[in-house]
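To start, I am sharing the structure in question, which I have written as structure tokens.
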Amino acid sequence: MRSVLAIGAHPDDVELGCGATLLAHAAAGDTVTMLVMTGGESGPGDPEHVTGRRLEQEAAARALGARLVWGGMYDCMLTADAATVALIEGVLEETAADVVYVHAPDDSHQDHRAIASAAQGAARRLSRVLHYQSPSTLSFTPTVYVDVTAHLTGKLHALGAHASQVELSAMVEPDAVVASARHWGAQARIGYAEAFAPTRMVLDLAPAPRRRAEDLPAVHRLVPTARLAG
Amino acid sequence: MRSVLAIGAHPDDVELGCGATLLAHAAAGDTVTMLVMTGGESGPGDPEHVTGRRLEQEAAARALGARLVWGGMYDCMLTADAATVALIEGVLEETAADVVYVHAPDDSHQDHRAIASAAQGAARRLSRVLHYQSPSTLSFTPTVYVDVTAHLTGKLHALGAHASQVELSAMVEPDAVVASARHWGAQARIGYAEAFAPTRMVLDLAPAPRRRAEDLPAVHRLVPTARLAG
Amino acid sequence: MRSVLAIGAHPDDVELGCGATLLAHAAAGDTVTMLVMTGGESGPGDPEHVTGRRLEQEAAARALGARLVWGGMYDCMLTADAATVALIEGVLEETAADVVYVHAPDDSHQDHRAIASAAQGAARRLSRVLHYQSPSTLSFTPTVYVDVTAHLTGKLHALGAHASQVELSAMVEPDAVVASARHWGAQARIGYAEAFAPTRMVLDLAPAPRRRAEDLPAVHRLVPTARLAG
Amino acid sequence: MRSVLAIGAHPDDVELGCGATLLAHAAAGDTVTMLVMTGGESGPGDPEHVTGRRLEQEAAARALGARLVWGGMYDCMLTADAATVALIEGVLEETAADVVYVHAPDDSHQDHRAIASAAQGAARRLSRVLHYQSPSTLSFTPTVYVDVTAHLTGKLHALGAHASQVELSAMVEPDAVVASARHWGAQARIGYAEAFAPTRMVLDLAPAPRRRAEDLPAVHRLVPTARLAG
Amino acid sequence: MRSVLAIGAHPDDVELGCGATLLAHAAAGDTVTMLVMTGGESGPGDPEHVTGRRLEQEAAARALGARLVWGGMYDCMLTADAATVALIEGVLEETAADVVYVHAPDDSHQDHRAIASAAQGAARRLSRVLHYQSPSTLSFTPTVYVDVTAHLTGKLHALGAHASQVELSAMVEPDAVVASARHWGAQARIGYAEAFAPTRMVLDLAPAPRRRAEDLPAVHRLVPTARLAG
Amino acid sequence: MRSVLAIGAHPDDVELGCGATLLAHAAAGDTVTMLVMTGGESGPGDPEHVTGRRLEQEAAARALGARLVWGGMYDCMLTADAATVALIEGVLEETAADVVYVHAPDDSHQDHRAIASAAQGAARRLSRVLHYQSPSTLSFTPTVYVDVTAHLTGKLHALGAHASQVELSAMVEPDAVVASARHWGAQARIGYAEAFAPTRMVLDLAPAPRRRAEDLPAVHRLVPTARLAG
């Protein structure tokens, strides 16, 4: 059983990027946590929608069977600085995450770029860091896919919880969500897929615990005879 | 339980590129087949070594717990033509392979380039095609790794079966094999790793059968109303 | 008024890759020629389908308002050799083409790779060479798009003319065609699009004739004073 | 008739990057606006040159037939934050721009990087965003070119208006400007060219208005039957 | 005799990235300067280790035969702003550096990214800027190597001076340092190597002074006849 | 003193790609050999020009101070097969070459692609393999440059020896040669440059012999304790 952490800059980013994959994780018995860095204060709609967006995000998390953690930062003001890295490190530690999903680094939204970089920093010792595509992502060359044929309806339901966004934003278009899933599915030679570009992804071929270099059997460890000395 | 097919142009290519990963597959209960396209007739050593190389390859396959299939083609004369594609298609069908490991496409050896391309063609409908690195590989940007800490000794044993190569070739250097495994292990934040660049890799989040688009529940299938007509 | 040449290895390749763009060219008053290199002899279906595929291709060309030229080569045996380059050069000359559409170079089908390379060679002096995506294309990073919202229905009709392919091939899936057009449309911030990766693309900002370097006004020509001499 | 917006961090950046292309746009009847983000306060030369640089920029804009808009920001202090994005959004809206020219993202000058990113954010819904090369640009892989053979003299005149820069800066070398135009011209198989790397570029094959997905004829719209619901 | 400047964000970054190459430069008679931007205040260990890290860095510099310059900035707070660029420009000028070694730009640590960018800006007129790999570097495609077979022991000694880091940090693993040197050595077809990705690297084929364009013999200078004029 | 081998598919390819660099090598006291694979039988001009092209090539080699070796293959029929690799291996061995210059792999001419690949294969154990740009080269991202300010006139003289080509071919334009040298010179922050994309390039920091891994001092050799055994 894995612990999965999905990170997004704003409400609905995680659902758009990897919502169906999170449902697949939940179906496989994994624990899923969503970290949403901001409340979406600068998104479309009038001020009442700000509170609304938080309620929508909570409904969407429930629809995905995920625990929701708020980052408490401000929309359009995110940077990849030490504070942001530390915040993500805290959630990584608390969830003992095995795998992280986060924005792709090359994105036209400054918040998305910042969170992608900060997550790469916070997860620097983690073996599974996967980047998803947002509507504002620029270059994106996926090599890894998840079959979401069984979970696309669920993803659309979770996205539907973000009613204010879907109605108001020009960037969230449900038919484009379905089309991209089918496009990537054709690339992956399956039905519908979500696509990912890994920073690094260690495959699970068998349910074996990972070991660090110092735990290796001595017989094939590298032995530089030169001792380190000041 | 998966069916794994690893393809190499010459004896010892598969062991060098993904031998420890094959051991990990075997340990996980998967069926492993090796397809070696040529008998290594143009490799280093005198003519008696040609027969020797085949015996060595058979010993190495046993060491990996893999079934060995010979392609029966000639060393240094491989091309990515229809016959080579068809030969690989046949083995893919016979083994009902779920995942293919093969040379990376950008390689300074013409046989390696040819087999990489031919395998991409033969496996065009397969969802898991992963490229390994050879000593002659040129550009190589891995995104996927397998933890081989528990299987590195076994890989060295399998390579050791290719005694004529290890002694005679300047390209197979056992210490470089260990060093690269540790180098990629550090990149993957584990101990020792083999590294892969996927053409595409669908992850197994749960033991679910893949479905094609036409098997989808009708409720979210894409329906272009315009009927196709001649 | 431009002269457009679209090149494909097999019947239906051109329609799949850029059929709607060709309709947009025709609607803009451009002359459109399709060069189909082979009759698709190795495609799916029984022998009678071979003749059928040629009739289908002719119907599809009519649906696109394009003139059809057959390359007369054999399926699965294409190479980027001098003969193939010369054949394409001949059609380029005969049509006085301003722009060429052809397969992307990184493709898992050997014929597609061969035709992409041969067309790059034949069109080496042409200022507009654009690569389209096929279902078998591997890496593909488009930077140029054509809005095909008004022509997608026409593309589906032209594809429908290839009834034997659509029924029999696992690679031609009509819903995936629509999905990819919508996916690229979202990338291009329009409705539906076909996507292209140019070798080079000189934009037409105004209806001005192109001039070679030697026709430049002398006042800003580069003058290397050192005269060339044997 | 298009509305063109060219954005540069400092005086003379736009002229160097795409001055001749702007002249081609003007010659084609398009409306051209230049947005210069800073007054070049940290550029070479003594304080009097600061005012001088602004006068030079105004002369250069006149030479290009372009309207000049000042961003009012400070040299060497630009960041891709929400304020910079909003400023560019304002000019995009006011000019109803169809196409944006801006610095390439990979540049050794922090201001150039910042403006490239901010413009990608501000123009996130625009279908034509093209990046030009500056002397400080690092990696740059153009795919789109404009034939500037007829406008190179005009570009040199506009650059000549920046006399203080040309005399003092080691980065603005007129012969290198001509050489690069000829170099790119050879790549584009024409005389002289300016080169562009698009974020995305929708071609104008015919004078048709763009339409969004929701304006499509219903017959081929994607219909995910699953309704969105909270 | 060259003047070499190696820049790192924190103590031990330079030694890890290019320590053996610096020893090779020193052995060739070159002058070597290390610029360490911060004192490593946020690194692992208790407060007393901060002072300790500075003493360790000074010992390591002595071990490399390099002069040490401290940047005086704060750990985890580096940005590629004008002040950082100016600081590096000052050291470049004071050392009259011919070649700069610095972090690779794509790195998961925000300080490493910042210093890579700031150094590219500060060294914008320099002909030799080479990026080294750190344990936190992400994508890295080296094309240039230095044979460090004779200097690897010396590098390990210099790293050994950073005892507090080697003991406490999970990112500095001596066996991985040796393994990567051997891995890159195999890529470079030598024994052990350090690998570099250049922003640009002008080779020294002969001990000739570089000349700027304006010093060229007139006979082959580019002469754009059009004079620059306001 | 180095031994330099420059390889080109046709007469004048080497001069265009790296002629000035070869002059710089000669000026530094290096031995320079040119391997021209074909006699240019399919180039522009009538049959008498074929003999003429060989005489021109010999004159050009003399102008560069280089020894000329003919490959004896046929124009437009080159492939990267075992025979071509063996031919280049023979010349590499005979000249004991330290560095190889050859076409870039991504080129629209099939002969250029073939020779680039064959040279990568033949030079698989060599530490210095550099690719030059031809007029038909497609993607090209140089990282290494040679200052040819002192040798550009010499390059133009050598090119001038190929009078039949310069007059007849649309691809060899002397002003574009000068312009590209100035363009790359500006990128390299020098006057005029030839640009190279290395497969790998080991720098000469000091006149030290290279050593293989097995010659290393035992104190820091990698010791995988697991013995290789069949």
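As written, the chains take the letters A, B, C, D, E and F, and residue 1 is the first residue of each chain.
Keep in mind that, in the parts below, a residue touches a chain if its C-beta (ideal position, glycine included) is under 8 Å from a C-beta of that chain, and two chains touch if they have at least 3 such contacts.
Model, not experiment: these values are computed from the prediction.
Chains that count as touching both chain C and chain E, per the definition above, are A, B, D, F. Chain centres here are C-alpha means, and the one lying farthest from chain B is D. Of all residue numbers used where chain B meets chain C, under half belong to both copies. The two sides are thus made of different residues.
Rounded to whole angstrom, the centroid-to-centroid distance between chain B and chain D, based on C-alpha atoms, equals 47 Å. Centre-to-centre separation of chain E and chain F, using mean CA positions: 30 Å.
The mean-CA centres of chain A and chain E are about 34 angstrom from one another, to the nearest whole unit.
Chain contacts: chain E has residues 124-125, 153, 156, 173, 175-176, 178-179, 182, 185, 199, 213, 219-224, 226 touching two or more partner chains. Chain A contributes residues 80-82, 85, 117-118, 120-121, 123-125, 199, 213, 221-224, 226-230 to its touches with chain E in the complex. Of all the residues in chain D, the ones that touch chain C in their complex are 21, 24-25, 27-30, 124-127, 143-147, 149-150, 152-153, 156, 178-179, 182, 185-193, 197-206, 208, 210-213, 215-217, 219-220, 222.
Every residue of chain A that touches chain C in the complex is listed here, in rising order: 135, 139, 141, 173, 175-176, 178-183, 185-186.
Against chain C, in their complex, chain F makes its touches with residues 42, 56, 59, 76-77, 108-110, 113, 136, 138, 152-153, 156-157, 159-161, 163, 166, 170-171, 173-176, 178-179.
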